[in-house]
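In order of appearance the chains are A, B, C and D, and numbering begins at 1 in each one.
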Amino acid sequence: MTAPLLSIHDLRTWFYTEGGVARAVDGVSFDIGAGETVGIVGESGCGKSVTALSILRLIQPPGRIETGSRIEFEGREIVTLGDEEIRDIRGNRISMIFQEPMSALNPVFRVGDQVAEVARVHAGMSKKEAWDRAVEMLALTGIPDAETRARQYPHQLSGGMRQRVLIAMALMMKPALVIADEPTTALDVTIQAQILDLLVDLQKKIGTSILMITHDLGVIAETTSRVIVMYAGEVVEQADVDELFAKPHHPYTEGLMHSMPHIGHDQERLNVIPGTVPSPTDWPHGCRFRDRCPYSWELCEREHPPLYEVGGAHVSRCHLAIEPERRNHPHPPLVVQEGVAAA
Amino acid sequence: MAALNRARLLCALLLCACVGTESQSGKSTGGTLVIAAGGDPDILVPALLSSVQAAEIVDQVYDRLANIGDSLNILNDAGFRPRLADHWTWSQDSLSIAFHIDPLAKWHDGTPVRSNDVRFTFQSTTDSTLGSGIPALIANIDSVATPDSATAVFWFHTRTPQQFYDATFQMPIIPEHIWKGVPPSAWRGSEQAKHPIGSGQFRFVRWIPGAVVELAADTANYRGAPKLSRVIWSIAPDFNTAVTRFLSGETDFFEALRPENLPEVAKHPELRLKPYRGLAYSFAQFNLRDPANHARPHPIFGNRELRRALTMATDRANLVRSLYDSLANPALGPTVRAYPTTDPNLAQIPFDLARARQILDSLGWRDANGDGIRERKGRPLQFSLAVPNTSKQRVQLAVLLQEQLRQAGVKVDVEQLDFPVLMERERKRAFDAAIGVWSTQPSPGSIRGTWGTAGSRASSGSNYSSYENPVFDANVDSALASFNPAARKAYFTKAYDTIIQDAPAIWLAEPLPTVGYHSRLQLAPLRSDAWWAHIADWWIPSDKRIPRDNAPAGTATAPAESAGRKTP
Amino acid sequence: MLRYLGGRLVQAVVIVAIVATITFALIHLAPGDPFSAVMDNPNVNERVRATLRAQYGLDRPLPEQFVRYVGQLARGELGWSFSHDRPVREVLASALPNTLLLMAIALAGSFALGILIALVQVARRGSATDHALSAISLFFFSMPDFWLAILSLLAFTYWLPLFPVGGAVDPVMHDYMGFGARIADRLRHLLLPALTLTVLAAPGVARYQRAALLDVLPADYIRTARLKGLTEREILRRHALRNALLPIISLLGLSFPALLTGAFFIEKIFAWPGMGLAVVNAIGTRDYPLVVGGVILGSIMVTVGSLLADLLYAWADPRLRAR
Amino acid sequence: MPGQTQDFALANPARPRESPLALAVRRLLRGRSSRVAIIVLGLIVLIGLLAPFIAPYDPSAQPDIVALKDLAPSLAHPFGTDPYSRDVLSRVIYGARLSLLIGVLATIVSLTLGVAYGAIAGYAGGWVDAVMMRLLDAFLSIPRLLLLIGVLVAWPRLSIGALVLFLGFTGWFGLSRIVRGQVLALKHAEFVMAARALGASRRRILLRHLLPNLVSPIVVAATLGVAHVIVLEAGLSYLGIGVPQPQASWGNIIQDGADQVATLWWMSLFPGLFMVLTVMTLNILGEALRDAYERRS
């Protein structure tokens, strides 16, 4: 196997806030191969977006990528890269699509100019060339009458249209990697599917890798080949998409799957994982999922689980890997009610 | 006779001012004199003006029949120099004087000056609808007759020592053809009042309020052209600016510097100082009548003892030192030391705070409630002291007085008023107390108008205090009627003694003004009552002239645009 | 857009009407007669008194006086200034260009300077430069207008005599100068007051603009710009500034009263012949019609200023422009 | 064991039910610049309060109008003397007293009016609100200084009390707009609805439920308002229509020396510095308070 396109090793991105050090990403490692589509899934606050921003070094103070973290991309070490070099990568070799297409576009510029700006920065194109390129790209993302649309301002476009603009912007330089951070969450269900199809389609045409960040396992199932599950700043499970859906190992992944709405099933309520994610300033000792886990036992409290190999490329950060029989004896989770601790 | 007089004057000038250092060629006419003025003139009508700036300007533009000499003699015509009248003749009984108009005299519009202009000047000045204060001073003049166009005859009621002075000094002559269409009641605010046409050696060019008044040499003048080609009053918005402009050379002449400015002026080698004898005295006068009802005495100041106590409570010597340093003396009374009739040793009410307190106590004014202010029958001993806001120095005087009287348990509210408003309050006798300054005339007789019963009741009279004492009046009248200098002085001394002891005012300061001027300027003697009397004889040597001296006079372009004011 | 404009115009007229009512109330509620100064002034002739009586209908019943007063105002008649012996309208009209010149220069200068300072601060946020500039801004921001004016007069005309001491032109020589010299003369007189007013107004702009920029910086589109590989400088200048200019346009409207107030003191201290000097001098002469005229004109200027700022805002913001 | 409870309360930084004001003050005290500002302002207030005890001389006494006038700063008179031989330091100290007093009193007047007007407009809504807001627009577009000049010229020789009232009457416009906005927003808040459902009177709702929520804008407006009034009063006194002689206010002292700025520079410099310092600290505090409140929401 050739060297992966992106290789993250022991990434730790911490935020130094008034309330203490928030270890939002706390030792994450994974690879993405060229042309591959990898998904990161997890609840909000699990560190998946911070991981994405870390890859582009877009962490703003008081956040900081801790020394010892490594992000290797196309053979270069991003963490220690100079400002100018990292800027050369942004939007050019790695680009990103955000969740909120409205706020991600500058309200006071025409969308065409905003798309064209990428080419002007990175390819040194003239205004005219860049504009033409932008219109071309907008057309490619399926915007009808792209020439006219390009002259409009963000507020004049629909949500789906704006997301297409962002996609056009992201793909302008045919980057090696596109990070899509919840690209469909803010959109209507019908538009969601269109946008996902578009992404997959464009990936095939351009051949980029995609890192798909979402809380929605449906999106994962539809677009990715490999899945990384994150919880409390850590990778808790990683597997090929089919393997994961067939044989989820980590109780958290299990919980996520149960909370997925199953089409056709007449369910009144989603199964929600009880409890809340602990505070990033104060990760619990041992297993971070312990309090919400129906299988946890004293080992989970005592020892922080490593990533166990549970079959092929499938890894899981759960002690069940060494005592699988405990899966047969679930107990009610040790959820602590809010406020009780303060009393 | 006229020619002789002028030649003699010139000789005097050469001796005292230039001491022969200047070559004759350096005396060619030309040059611009820029005078630092503290404010706009109020009105450019001789009979109506009340500000010194207006007097400075009016005296250049208008001429009198004859000019008083520098000795300021007022008895008969000794020392008087011909002006519009090139000679005059007394009647046998001395009850009339015939003035013969200089045949060359012309108004600035080219019209010749005629005797009817003299008669018109007298008639309009004494017209009651004009509201001038001068009639009280020339009550002895019965009428002016014009037997021919070149002769004006003044008729007097009685023979007095200063008949001639009355006829000439009080009335600069104004042109009938310019003014006759305007009723005297409308002279204030008329266009003529803003653009005077006279017969003096300078003619009026322009007046941009708040900026400049400009006069130019009247080159065709019957007395010859003046040596300067232009005189400009540069009007500063405040004293500070005026001083700074003078120090920086923007202006050439500064009248009445304050003591604190003298060291600064001394630092500039090109600037000179020159003290001169002024004829002004300042005072805080009380209204002796109730402002609400003039038939009643004033509830506080109606009492002579109280007024005396207020004077006693005032450390006048200190106050004058504080404000003027050595540039003023404490005022002796309603007079100045320059008059030959003034006894410099007039008895004064002494500064005696303890005695003042005693008197106030004995009058029933006591501080019962312990607030530091005396009361009587529930009424605090408190009054308002009005002061013109245009003069910071007078405001300072008021604040100094405020504190001194506070020591005696008297509360003074300083009320700053615009000068014309203050004037009108005084005219209507609608004030408690006010700080005032009289720039007196060469004759001590002007006191009749300012403190005598004659000026008390009439609203045009200047006795704003409504001080009335027949003993005072009689002594002043006797003095003015007396031809014997010693007797004059004795009568005046009795009059002054009377008024000083009656204390209708706290007599404050008699300034010894000091002018500052640029050394390139060659001054003529500064007359005590009017330093500006001989501006026409001032000059700037040609080798010391600067660019502004050589700007052709009266060629200012587009004044309306530059000052934002329409000149009709 | 037109409807919006119309609405704002109506609003402006209503505002001026209310201002007129307030000034009328001021005149008539005042103890004694604010016109007594005029009526007492011996240099005011009968014609002026008659004009005043006609303007304010002083001897008529109050409602009639009011109607008369408003009617006169509507025709642009502001009464008679006795201290200038001219109509108030003329006095103010001849002074207004000088005030507008001063304000315009200070406005442009202070916004340019303020925005520049803010950009420097935000580009180096958290640095010593940022803190120092913040402290300096605050210092000047807290400075009373007249005090800074006095100090700058003191410093630059007395101690370091670089500028003439007051006025708009050399009072004596200006009219004798050639064209070029006149321009130079005007500039020499204009510079210090204009600079002082600029320095007075700039800190407010800087502080406001800095806050606006900092508000904009966390925005998603700034992240997008960063993502495109733009430098921080480009991001600040192109993306952040452009968005942070919108609040600054609102500030433009809001800053008129302060600027006008500043101009009043500056004009007084530098003897700059604008409407501020006219009104401040009218305080001394108790020229009440002129004071009231100044209040009304000042309010109109503020209203018009904020109206213009609103229009500018509508034009600058594409989201509003469409409407 | 009351003692112990108290200790616990002190030890626990996140104690529940802390009032927003207390919270804001605690946040305020955390900033270095606001701590310095509080100390400086406290000193100036103390100077004003203790003026009779710390002023070296009687501020209006003229001890020696010849020998002691116009003295440049020296050990005996650190801020020099004025043309009346009065000690400028003493006058600046008494000026602090008067300027701060006028600032605070006028601001209290403004706050009362502003809150009342804004609350009524916001709570009443409808055309009442519309009319009141248009009126407010008009008030806001009259420059405050100009309005005050108009008033003070029409009412000459005002007492300081009247001056305070007029300063207060012209200072509430901005606040009332903020209050109205808050009231409008809170009017439909659940707790107000709940109170209304429970039959609380309008008055009670306004006073008990809305007012406490207005504390933060009021505190901020008050702090900045005092600063503004101090500057205004100084300006008016400088123009000669503020505080009358012989009382000392900062603006007044500057006015006393205005005629001779070049020679009596100390009369402009020192009171001005005090004024700037006061206004600056008030501005810092006002803004820090605003920040502290905003971070909460």
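Here, a residue touches a chain if its C-beta (ideal position, glycine included) is under 8 Å from a C-beta of that chain, and two chains touch if they have at least 3 such contacts.
What you are looking at is a predicted structure, and each value in this text was computed from that prediction instead of being measured.
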item: Chain pair showing more contacts of the two, A-C and B-D; value: A-C
item: From subunit C, the most remote chain by mean C-alpha position; value: A
item: Identifier of the chain whose CA centre is least distant from the whole-structure CA centre; value: C
item: Separation of mean Cα positions, subunit D and subunit A [Å, integer]; value: 52
item: Inter-centroid spacing, subunit B versus subunit A (mean Cα positions, whole Å); value: 94
item: Centre-of-Cα separation between subunit D and subunit B, whole angstrom; value: 49
item: Multi-partner residues of subunit B (at least 2 other chains); value: 238, 240, 244, 389
item: Contacts with 2+ other chains: residues of subunit A; value: none
item: Shared interface positions of subunit C, touching two or more other chains; value: 158, 284, 286
item: Subunit D contact footprint on subunit C (complex, rising order); value: 11, 14-19, 22-23, 26-27, 29-31, 34, 138-139, 141-147, 150-151, 153-154, 158, 257, 260-261, 264-265, 268, 279-280, 282-284, 286, 288, 291-292, 294-295, 298-299, 302-303, 306
item: Residues of subunit B touching subunit C in the complex; value: 32, 34, 42-43, 131, 185-186, 188-190, 208-212, 232, 234-238, 240-241, 244-245, 248, 250-251, 389-390, 417-418, 420-421, 423-425, 427-428, 548, 551-552, 555-559, 562-566
item: Residue ranges of subunit A in contact with subunit C within the complex; value: 56, 58, 60-61, 83, 87-92, 95-96, 98, 100, 103-109, 114, 117-118, 121-122, 153, 155-156, 166, 169
item: Sites on subunit B touched by subunit D in the complex; value: 238-240, 243-244, 260, 264, 318-319, 321-322, 389, 392, 396, 399-400, 402-404, 406, 413-416
item: Complex interface listing, subunit D residues touching subunit C; value: 134-135, 137-139, 141-147, 149-151, 153-156, 227, 231, 234-235, 238-241, 251, 254, 258, 261-262, 265, 268-269, 272, 275-276, 279-280, 283-284
